[in-house]
Each structure stands twice: as C-alpha cells, then as structure tokens.
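Look at the two complexes coming up: chain A is in both, with chain B in one and chain C in the other.
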Partner chain A sequence: MRQRPPILLLGLAILAVLVSLAPLSYLVIRLGEFGIDKVIANVVRERSLELLGNSVLLALAVAASAVVVGGFQAWLTTRSSLRGRALFAVLAALPLAMPSYVTAYAFTALFTGFRGFAAAWLVLTIGTAPYVYLAVSAALMRADSATEEVARSLGAGRWRVFKEVTWPSVRPAAVSGAMLSALYTLSDFGAVSILSFDTFTRAIYSAYRSSFDRSGAASLAAILVVLTIALLLIEPALRGKSVVTDSHTRKYSEIQLGWYAPVAVMLASAWVIVSLVLPAYSLVRWNQTGLSQVDLGEVSRALINSVGYAAGGGFIAVVFGLAVSVLAIRYRSTFTSALERSIWITHAVPGIVVALSLVFLSNRVLPEIYQTSTLVLIAYLILFLPNAIAAMQTPISQTPRELDEIAASLGSSRLQTLRRVIIPIAGPGILAGGALVSLAVLKELPATLLLRETGIETLATRLWSETSVSAYAAAAPYALLLVVVAGIPAWLLNRQVQAGSRAQSGIEQRIERE
Partner chain B sequence: MTIVLSLKSVRKEFAGEGVLKNINLDVAEHEFLAILGSSGSGKTTLLRIISGFDSPDGGQVEIAGRTVFGDGKSVSAEERKVGFVPQDAALFPHLSVAQNIAFGLSKHTASERTERVTELLTLIDMVGFEDRMPHQLSGGQRHRVALARALAPKPALILLDEPFSSLDAELRVRLREDVKRVISKTGTTAILVTHDQEEALSMTSRVAILREGEFAQIGNPSEIYQAPADVEMATFLGDSVIINGVIENGKVVTDLGLLTALNKVADGATGRVAIRPENFYLQPNPKGEGEVVGRQYFGHDALVEVKLPTLVIQARANGPFAPEIGMKVTVWVRGQVNFYTD
Partner chain C sequence: MNIIKRALKVGAAVLIAAFAATSLAGCARESTATGEQTITIYSGRSEDLIAELLEQFTAETGIGVEVRYSDSASLAAQILEEGSNVQADVFFSQDAGALGAISEAGAFKKLDDDTTGLVYSKFRAVDGTWIGVSGRSRVLSYNPDLVAAADLPKSIFDLADPKFKGKVGIAPTNASFQSSVTAMRVLAGEAVTVKWLNAMKTNAVLFEKNSQILEAVESGQVSAGLINHYYWYERAAEVGEDKMISKMAWFEAGDVGNLINVAGVGVLSDKPEAKTFAKWLLGSTAQNFFVNKTAEYSLTGLAAREGLPALDQIAAPNIDLSALSTLAQTLELIRNARLTD
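== the complex of A and B ==
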C-alpha cells in the first residue's frame, strides 16, 4: 500500500524545491526578456563552442580520473591486505579539507606557469576523488564479500569476480561519485579562474563583470544548465539498481596482494605526494612570510564568519535533505520522485548563476533580505542540498523497510518511526550529509563573494581577493586556516567511516563465534 | 465466544490477477490458527492485509469488533494493535533487547515499561539479556525477543510470518515449543503463516489451507490430516497413495480389495481413494502378491515401496518390523479411506 507521506515532510520538501527552482526560473525569465534572437545569437558562436568543448572535456576527464583514483583507494583500503591501509584511508579523505581553489592557489604559488587544461584537470581530480573514495568504500564495506568467495569457489578469476560480483554492488556508489565529480567540475569557479582555464563559469563571471549587458552571461548559463540536465538524464541508467544486502550475513575477507603490494604502495604514495604533500609544502612555505604580516583581528573575524555560515548551511541542509530523502525513498511516488529530481536539476546551476539570480530576485521580490546572511543561507541551501541528499539516501534506503512496518505494528506513527527508527539507524549517514554540506559551505566561493553582507569577509573571500592580485604571501594564512577548519569535519567524517568498519568487524567476529 | 478477527469476502489483485479471491475467516479469542499454503498461494498478501501494510481490493476486515477495512474505512497499521513477528526477527539494530521490547510501550510510564519488559523477559526466559544488542544474540534468541516485542503492547492479535524458516531443524523444533508455550500462557490470539505442514499441524489448534487465493479447507489438525477435502489436498498435506475405485454394495472396489469409505457415496459412483502410507499394513507372506522393491529406513519407521500386479504403493512400516527388499508381502488397508467422486 502506498502510504500518505506526513504533511511536515511534504511541506519541507516542497519549500526546498520552490526555493531551489527559483534561480532556474529566473534564468528562463531573463532569457525571455532578452528576446530569443539575441539569445540564439549569443549561443551560436565560436566562443560558446570552445567553452562547451572545454567544459565537457574537463568534466569527463575529472569524473573518469576521480573514479579511478577514488575507487582504487577505496578497494585498497577496505579489501586488500595492504599494510598501513588505515593510514592510506585517512590520507585518501584528507584532500576534502582542501578547497580546489586553495589547491589551485598552492600550485600556482609553487610553480609559475601552472595553468590551463592539465592544471585544472589535476587540481579538480584532487578535489573530487575523496567523494568517490568515501562513497565506494562505504559500498564495499556493506557488500557481502561471502558472495565474492562463493564466486571464486565457482572458479571465477579475480577479474570476473570484480566485474560480476563486486562491481554491481559498488556501481551505484561509483556512478553517483562520478556524477558528483562531473557536476562539481562544471560548476567550479575558483580553481578554473585561478588556473586561467576558460570554462562556462569563468566566462559567465567575466561577461557579468565586464559588461552591463547580462544577456551574454545568461545565455552561457543556459547552455551550462542544459548540459547538466543531459548528464542527469543518463545517470539513472548508468547507476543501475542498488543492491540490498542482508545485514546479518555481512563479512569480508582480505585480498592478498602478494607481488602487487609494492606497486600498490607506490601508486598510493605517489598520489599522496601530489594531492597532499606538494600543496601542503606550498602552504607552509608561503605562510613563513605570510604569517609575519598578518592582521590577527581581520583573520579571526573571517574565521568566525566562515564557521557560522558553515554551521547554518549544514543544519538547514540536514533538515530539508532529510525530508526530501525520506519522501523519495519511503513514500516513493511519481510526485516525490519529481521533487527529488528537481532538486538535482538545480545542482546544475553554477554558484555564480545562483548568486546572480538571487541578487536579482531579492531586489525584485524581497528587498529586505538583499545583502543579509539569510540570502547567503538560501544560496547555500540551493547549492548544497543535492550533496546532503546524495549522502543521506544510501543509509536511509538501506534501513530495512520491514523495521518501519514493525514500528507501525507497535503503534508508532510515521513521524515517530522517522524519529525512533530511521534517523537513529541512518544517523551516521545523515550526519555525514550535514558534515559534507558544512565542508562545501566553508569552501564555497562565488555565492559568498556576491551575496555576503556588506563588510562581512570570510576566509574564502579574503583568499580570493589576495590571490587575484597575486599577493600569495598575504593569502597564505587564509588558505592555511581554510584547510584547518575544513579539516575538522573531514576528519570527523573519516573517523566515522573507520568506526563503522570497526563495528562491522566486531559483528562479524560475534557471528563467527556463534 | 468473542471473535477477534473477521475477514469477509476479502479479495486482492496484482496486475489483474486475483491473488486472494474470496477470503472468509473468523478467529476466536485465545485461538492459535495456522494459515498453511505453498509459496505463491497468497498467504503473505493476506497477512499484510490483516496487519494493515496492504489494502485489499474489496471485502471487509474486522479486528476486535472494529472495522479496520471496509465501509470506506481504512485504519492504518499503527492503529490496528496487531503484533507482527517477521521471518527474520528484524530487531531494531540500534536498540538493546529491553529497548526493542519496550518500543511499543511509549505511551506507558517508565515504571510500567520496566515492569512489562521484565515480565516478558521472564516469559521468553531471557532475563539478564536486557542490555544486549541484537547482533550479540543467537538466531533463536532474536526470534524470542521479536515475539516478546510483538506481545509487549498486549495486541488483540499477533501474526507470525514463517518465523522459523531461517533456522536450522533442531533450533526450529525447540523454538516452536517455546513460542507455543508463550502464546498459550499469555492467552494471545495468534495466526501463524507457514508453508510447513508439520509446523502448522503440531503448533496450532486450527489450520486453514490457502490454495490459489482461496481457503480450500479449514479444520482442526486431525480433521485436516485424516479427512482432506479433495484429492489434491490429500497429496498436499503429507503423502497419499491415490488409486481408482468404484462403489459396489456400499464398499469401494479397488485393486487393493474392498475398502470402507469414510463418506457416504451412492452405488455405481466412480472415483479415487487416498490412503496414507501409515494406513497400510504389510504382512510378510511368501505367497503374497506384493514384492518389496524399495526401502528408506528412518530409524523410528521406514518407507517401503511395494510392487503389486497393477500398481506401486508406498507404505510406512514400524522401523524394526519393516520388510526387507525382495520380500513377498500381502498388503492390507487399515481403517476407513477417503473416497473422492470424479
């Protein structure tokens, strides 16, 4: 029986969708106001094609390399017999602490001439691989490796086991990770701007800044949105069905690497050097001069503002993300699926476009909130709700539906069941969603840049303004603080993944003893 | 006698196909009823309709005198007071044993809750396990906690959905006894859904056999076993030897000789008789017509295959006295048989 969803959830989800769709509607309205001829003239230009090529190429390249790097790290740290895999597990998640424009800053400050496609590809892969790593390692831990052992006992070689048994259980996670990476790349503004690689976001920003005619920026934004929608449409087919595993029978064995171990260690270490050691070295080096010139009052004000925004953004994302996820999973219908999908669509709108449209919308509809923190938080909700939902959906859908029914048979209402059963069981995943959003907010640049209250500077905006005048030393303390502050939620997130794996091995030992 | 559950003309379709066709059933207070059916018979659907997780397409469901479905009403699962023990126990993994049992007692005071939890732990013989987490329990313990959890709010009715199917044979037998004892001690009205006839016959006081979405027969275990409603039922519930027969002078004439029918049938009628393997008596006789051609020895008894001139039968014989392969025997039929007119 399809049960009626609780009104509270429905209300929150509809509100989230309305708010999320506002920027997209603005885009369409603006395009209409400019006139179709002008828009077509803007779209069909060599420049647009060049930007399209650049953006697509970069997004595909980053998604592919993020899956390769993140998937390899996940497999190595959860399934192999590699020594020191606990350390590699921490190091794999660590780049989460580094916003990609900070990485871009670190590399440009270290190597003159570090710019263009290859530079952007590397920097964005460093930024997105941890997302794939976290999703895939969680899926690998949930997957029952007894099935892998059975497959091997049936004569399947390692490659076939991977292809036919392991891959299907991690595929949804890997594909969502790749999707997230591609979307991240398409909407990245800071890194490509610092590295001077012309993608849509950078072009939109310069079109907006350099001319009073907004139709150019809006037209480019339209192409970008269409691009993302295309990506969204193919995603379900790529993702496949999620594999439900029986929580009682889960156990996993280690794969002996043998002679491959040194190769694996070398590959993993090389990536650690590129993704962590080099940027860290750059930060330390520039801080040696930077810290001596710093204005402590200015830095601490920026820090407080950043943390405040991150906490607020994380909280509202959890509240709305939970409502949308629970509706989409537990009360699945055409309507609730449409709600969930439409939130994904808005993730396509780059931060810069969301920010511009909110400036316009608030001026026209709600001038009171223009240049207040409320508007900034709304922008964060629009931008990062998909991240929260992506992180929450897996744990919620893996909470057995049967438990809901048991709770109902014991007299628990739907909202009570949510509070007493779903949230506690899926709690770690929900918190992970909140942490991911807080991280994203801390790192967020374009919307904060355009929407912040007058006089309020965050770590990100300070870093941006110093870097844009090549004041690498002055920017260094902000870069360092961003990494440290963003590192705390990343560390918590990772510790939780680790704790999860420990609890699981505990269960496994007990089952073995029975 | 109070009726706790009443189903009237309940039907349900999936994709245009009738899963439940015309279900009528009354369950009295303190009764323990089994719904027996093979997979695909619609028994799980029926269970979900009673518990409120699914709605029927028509008919009426009454629980404890209240219409919970029908007359345009549909009471949600959480308001039905129907306890539910699922196949794999499905304990809340984040709650301890005591918290699991207390889950349905949220409207009670803390002291009432503690008292009830202790009472139930005593009943399922698991005092001292209060603070254990589900993953620290054995399979049998999980099922006992699941039963206690369902009983805690004193539901009008509890439903057991194949609760033993995931357990090994020895544990299953022990748990069946435990569950039977707990249910009769608490006087709870219960419905057991199962595909295991031994389970249905040994645990409950009444058995309803669900076949292709309809109740083919409802009765107490011995009726169900001794007098199956039709030939199909006779083979569904345990083994039966089916042979052709004709009624002459009130007796059934078969290849096994003259037999007495349980039911009254007119002379001249043709049909089939169903005979349980344990109703044969094999008399060793060097001049007998039958020859033992197969023998499965179980210890307490043996299943002996006997070849007769026109047919082969399977007979159950007492372990020590079961004839050996190659022996000649005369086959006798003990007691009366069920005759089914064609």
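== the complex of A and C ==
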C-alpha cells in the first residue's frame, strides 16, 4: 500500500535537505571566482593527491578497525556468557564522551613521540568504535537468535553461524557505523593536527590559516564532497540485503565462551585500558600540574552554554531526523530515499568550511540570524543530522508495520499513527539519536568558535582558548568537565539502545496476547 | 508542486518555532561593563592575555567592549566573508600578516595621523590602515642540558647544518614561523630560502604550535626550537620560573632569525570609539601592560622587561612589515619543501 506522505514530514525533510546542502552553494560560488583551471591546478598537485591518499587510507583503516572493535564489543556484551558484560557495555560507549583532540593530547602527554599514522589511527578508532558498537548491539538485540540456534542444531559450526546467520543481520548496522567513522575521520582536524599526520582536512585548515586562501580551501573541500558521494554510492552494495528478523520470541541463549572466556575478558579489558583508563589518567595528572587559577564563574557560564547548545542541537536533530527517517522508511519512494541520501553529502566537509559558508550565506541572505544561536543550531544540524538518522533508522524500521495498518483501520490519521505508534515504540532509539547529536555538539569546536554570539563561551571554546596559550592547568578543568558532561548522554545512549529492544519485545508480547 | 509548497510552509513554521524555543535556552554571558557606547572587537589575541587590558580600557574611557576571541586567521577569513555586513568595529590581530590581508581587501578605515605617529614607523602600515601595538621577537629556545650556549648557531641559516639533524623544532603551519620565512625570502632571496627550507625538511622536527615546540625543548625531545620570545614567559608563569629548563638565545646582529613582528589593530567601522581604542592601545596603560603582563615589547619607547635585551639591541633585520603580507609566495616555498600540506 503506497501512501502519500504527510505534509508536515515532507516539509521538515525538504527543509533539512536544503539546509544540509547550503554549504555546497558556497563552495560553488568560491570555486566560480577561482576559475576552473586554477581549481584543477590546486587539486591535481602531487602533494594534494598524496594528502588525499593519506586521508582515504586513514578513513578506511579507522572504519575497518572500528568495525572490528565495536563489533566485537557488541557481540560480547549482547550474546556471550561473559561475566560483567553489563559493565563492559557501559564502558564501550563511554569513549564517545572524549573529544578526539583531547584523547590525542592526553596520549601525547603520556608518551613522547606519539605521532603519525598509527597514532591517528588509534585515537580515531577510540573515538569512532562506539558508533559501530551502538549500532551493532542494537541490531544484535533485535536479531533473532533462534535462527542461530536452528543453524547450530543443524550442525553448522560457530564460525559458519556467524558468517551466514549473524553477520548478515548486523551488516547494515555495521556498515552505517563504518560510514560514520570514515566520514568523521575525513573531516577531523583536531586529532590529526596534534598527532602531526598530514591529511586533506589539515591542508584545508592551513589554506585558511596561512594564506587566507578561501578559494583554495574551497576547492579542496569540494574534493571531500566528491569522495563522500563516491562512498554513498558504494554503501548500498556493502550493506547487502536487509534481513528481516522479526522474531516474536525473544529468548537469548547465551553463547558459552568456555576456554575462550579469559581471552575475551583480556581483550575487552585491554581496550578499556587503552580507550578510557590511559586518557583519563593523563587528564587527571594534567589537572594536577601547573599553577593557573580557575575562575569558577567562567566555568559555570561555559557549562550552561554548552548544555544549552547541546540540548538545542539534540532537539532539532530529533525533529528533523525523525521526519527524514520516517519518510525514507515508511513512505519509501525514489524521492524520499534521495532526500535521505542527500543529508549525507556534506558530512565530510570540515567544520570550518561549513561555518564559513554560513557566515557568507547568512550575511547575504538572512543577516538577522548572523551571530545568533539560531545560526549555530543550523550549523549543528548540517554537521550532525546524519548521526541522528543513522541511530534512528534501525529502531524505526523494526517497528512492526502491521501496527500502522491496525491504527489506520481504527481511524488514526497518518500523523496520529506516527505519534501514537511509531514514536512510542521506537522512542528509545529516537532519543538515542538526539543524545548522539548532543554529544557531538558538546565536543564541536570550529563552527561554534566562528558562529557563536559574540561573548558566548562553551566548554569546548574555553578548552581551546586555554590550550592556545600555554595555560595547560587552566585548560584541564574544562577538559575534565567536558568529558564528565558528555559522559551523561553517552551513558544514557547505551541504556536507551538496550531499553529499546526490551520495549519492542514487550509490545510484541502484548500484541500476541491480544 | 503544490504539495511541496505547502510542505515547505509547514516545515518553515516548525523550524521557526523550534529555533525560537531553543534560542531562548543557554545564553549565559559575562556581563561587560557597558558604558554609553560599546564597540565590538574581533580578537586574535587570547582572552587570557588581554581581557584584563580591555577592562582597563572600559574603566578609563567608559566605552564598553564586546569581544569575539578566535585565531587571527579565522577572524580575518570571517571578516572577509561577512562582506558588507561586518560586525566588528576593530580587528585586534596576533600578527601583521592577517592585518595585511584585510588591508589589501580594502576593509580597514584609515587611522588618524596623531595615532599612527606614536608608533615607530617600521611597526605600522605605510598607508596608515593599521598599527602595531606590541612587539615580539623570534628567538631560538634551547635546552642547556643538550646544547651548550657556546655551540649555539650564529645565524638561523646554521640550523641547516647536518649536526642539527632531528634536534631542532619548527612549526611550519604557524603564522609566526611563516612570517619569519617571508622575511627571509624578502631579505635573503628566494634561492637561499628554498635551500634553507629543504635543509629544515631533513633537520627539523615539525610541530603545530610554538607552545608544543617549547614543551619539546623542555622535555628534551629536541635540543632547540624556533619560537616567539613571550612563550617562554607564558610557560614560566604556568610552571614557575625556577622550574624552566630551557633558555632563549638570539642570533648575531641583523640576522633574519631575529625578526620582530607585531600584534596590532585596524579599524573596520566609522564609530569614533573604535579609533579611540586604537589610540588608547598606544597610551601608557596599555604599553605598560604589554611590557609587564605579556612580556612583549612596547612600540612607543617604553623599556623592555628585565632579562630581555632592549628592542633596539636585538639588531633585528631591517624589513618593512607590510612585506609580510606577501605570504602566498612564502607558502608556496614552504609547501614545495614539503614542510606543510
């Protein structure tokens, strides 16, 4: 049954796409001024190509290792008989709370000579593995373990069950987590610059910093857009067919690890040490060295502003993300899928380029919103909407479609169905999307720095200004506070992902009884 | 088509409602002492360094300030992208290069002669669009445990010697370093500069920031590094002067490695208070502040901080700072030497 999508959703989704693609118009204008021959000359230089190679290599390496680490954590905490797996589940999501520039700094403070490709690879894997972990563990919890048991009972070995039953059911989640990780890596500046690894995004920043060369920077950013489009085009093939695993019985049989248990515990603990304990230790030690005084009033103002921006950013991401996701899933058509895909196109464009494009566009089109929190929130929407959508899609698509039809037969309008059926059932997943965006907003620096109202400081901008002079001790409280504040949504996120599957199975049981 | 139009209307209404709701949340700002008039300053100098100075400005003149802190280059890009809707009345830049870029784009208003006349002529724009207000010297910071003062290079060009391989830190993406290479290019010529840069590609350990270089010198990761002199004092204020391991050295007289660059201001609006601010920065309150608080050099003739050689004793290279805005060619050279991206 093909239905016409509700006007409200369509309106929100089209607006989200227009906003997301706004930076492209700026890139086109800057490139137009530059002239196509200069653009080509700037891009097709041996050095640019080498940097592009570095970026792509790093993005692929990070995506792959994030899938391995995050996938392993997800499997271990949802399927195995591991003791203390609830604790490991919380610890797996927690690195999200640490901005990658802080992690990078923490490691360089501990180990001299911590730099280059391997260092960047490690730090960015720490930062992005939770994306994969959250997506895959949500998928695993919803996947039907009965199928696995049947396969086992028919004599398939563990590896074969994993390869032919488990992997296909988590593959879409793993691929979208990998996609987020790869695009995050492409657009990252903070970590790679601290770790002295030359990437494309670093080149974009130095074009601005050192030569005020806006057109040169724009031509490089355009390459990242092209690269993203290429990734978007191959993504469906990587995802594979989505496997419908709408099980109504939801009993997990835990996989007994047996002799492998100590190995699994050791691996999981080692990762906890590397991803959490070492950086946290470094931060605390950093907090204790130095003599700088901290101004409590300043800290609390920064805290209030950070929380305000994070709440606002999370809220609008939920509103627009919900509209885009529901359209793409419930009212699937070429048009709605295209809307959903377009949101991703600017996701690898570095924050500073997005921010400057908004400076340029708002001053020419809507000067009233320039340097107001409205424009800041628009920037967050452009930068982080894909994160929200990636988190919402699985829970929304797994809300039973039959319920929509029942609701419709009982006279609910399409929006009422959305409000009374889809939102309650997929609620935890939708909130998880909002929490992810709030987290990203807390850590965001370049766009906040450029677009905030004059005089407004956040934890991240404070951290930046304290480290840009050498007042390390004054910076540490901001770094610690940022990590602690961001820890709250990170922890909630984990709970919601787990609660999501419980809520869903509860509803299904109720349906069965009726 | 009709549907899409209606959809957009509904969407816009929700968007406005959402933003109205969220915009109300979270706007805690430091209340500034606002007088009758207020000026907006885009500051590439950090809050830590100059917030106190700006408070004194408000106290003395009754003019309030709104400040936007960021790095000088981003602010310059922002000013240029704002086009005709420039929000700042004053741009307070960390270095002469960013001032030169705005000046070249024609966005600065010309300053009054009784203001520009207060600054040594070599530290301001020839056309009167910007003035330097404080000076900083390039220095070689070194770790005396690893290299004896007697073995220090006499000239910045000596750092090209193979004996410094892996022992010297530079920050090729840092504006201060780039300005000093520009000075080298202008004074010593392109061929010599290219040769030096290529040698540094082999010899130098690369960093992002001056503060990281200093940290590496302190920890012994490198023996020496090219930085601005005041970073030493900043770190000393942080960890205690007695705990500082590194020391500062200057090259021989007239060496391009002794470049003195400036932090300065240009005025972007017609507000008279903006010009008042520019002139005030050259007065005794501000100049004393630069000498005593930020350990910089006064550009109006006040004595330098104890322990620092006097401004005219450094024997800085003779260069027109306006030439430092010819950064593009320098960057091409630095890039070709594969020191930056």
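The working rule: the second predicted complex is superposed on the first by the 487 of 514 C-alpha atoms of A that agree within 3 Å, B and C clash if a C-alpha of one lies under 4 Å from a C-alpha of the other, contacts with A are read in each partner's own complex, and residues count from 1 in each chain.
The rule we apply is simple: a contact is a pair of C-beta atoms (placed from the backbone, for glycine too) under 8 Å apart; a residue touches a chain by one contact, two chains touch by 3 or more.
Please read these numbers as outputs of a predicted model, since none were measured by experiment.
In the model built by aligning both structures on chain A, chain B fits alongside chain C without clashing.
Seen from the CA centre of chain A, chain B and chain C lie at an angle of 160° in the overlaid model, rounded to the nearest 10.
With both structures placed on the common chain, the touch criterion links A:I304 to chain C but leaves chain B unconnected. Once the two complexes are overlaid on the shared chain, A:A407 sits against chain B while remaining clear of chain C. In the overlay built on the shared chain, the residue A:R420 is in contact with chain B alone; chain C does not reach it. Legend: residue contacts after superposition of the two complexes on their common chain; A:S25 is shown touching neither chain B nor chain C. Of the two partner chains placed by the overlay, neither chain B nor chain C lies in contact with A:S337. Once the two structures are superposed, chain B and chain C can be ranked by residues of chain A touched, with C on top. The least CA distance from chain B to chain C in the superposed model is 18 Å. Residues common to the contacts of chain A with chain B and with chain C across the two structures: none. Contacts from chain A toward chain C in the complex involve residues 4, 7-8, 10-15, 47, 51, 112-113, 193-194, 196, 198, 200, 202-203, 206, 208-214, 289-292, 297-298, 300-301, 304-309, 311-312, 315-316, 319, 352, 356, 359-360, 363-364, 367, 370-374, 377, 449-450, 453-457, 461, 465-474. The touching residues of chain A, when paired with chain B in their complex, are 1, 3, 247-248, 400, 402-403, 405-414, 416, 420-421, 424-425, 427, 507, 510-511, 514.
Residue ranges on chain B touching chain A, taken from their complex, read 51-55, 76-84, 86, 88, 90, 92-95, 103-104, 106-107, 135-136, 138-139, 149-150, 152-153, 155. Residue ranges on chain C touching chain A, taken from their complex, read 3-4, 6-12, 14-15, 18-19, 21-23, 25-30, 32, 40, 46-49, 66-71, 73-74, 76-78, 80-85, 87, 98, 101, 173, 175, 178, 206-209, 211, 214-215, 219, 221, 231, 234-235, 237-240, 327-328, 331, 335, 338, 340-341.
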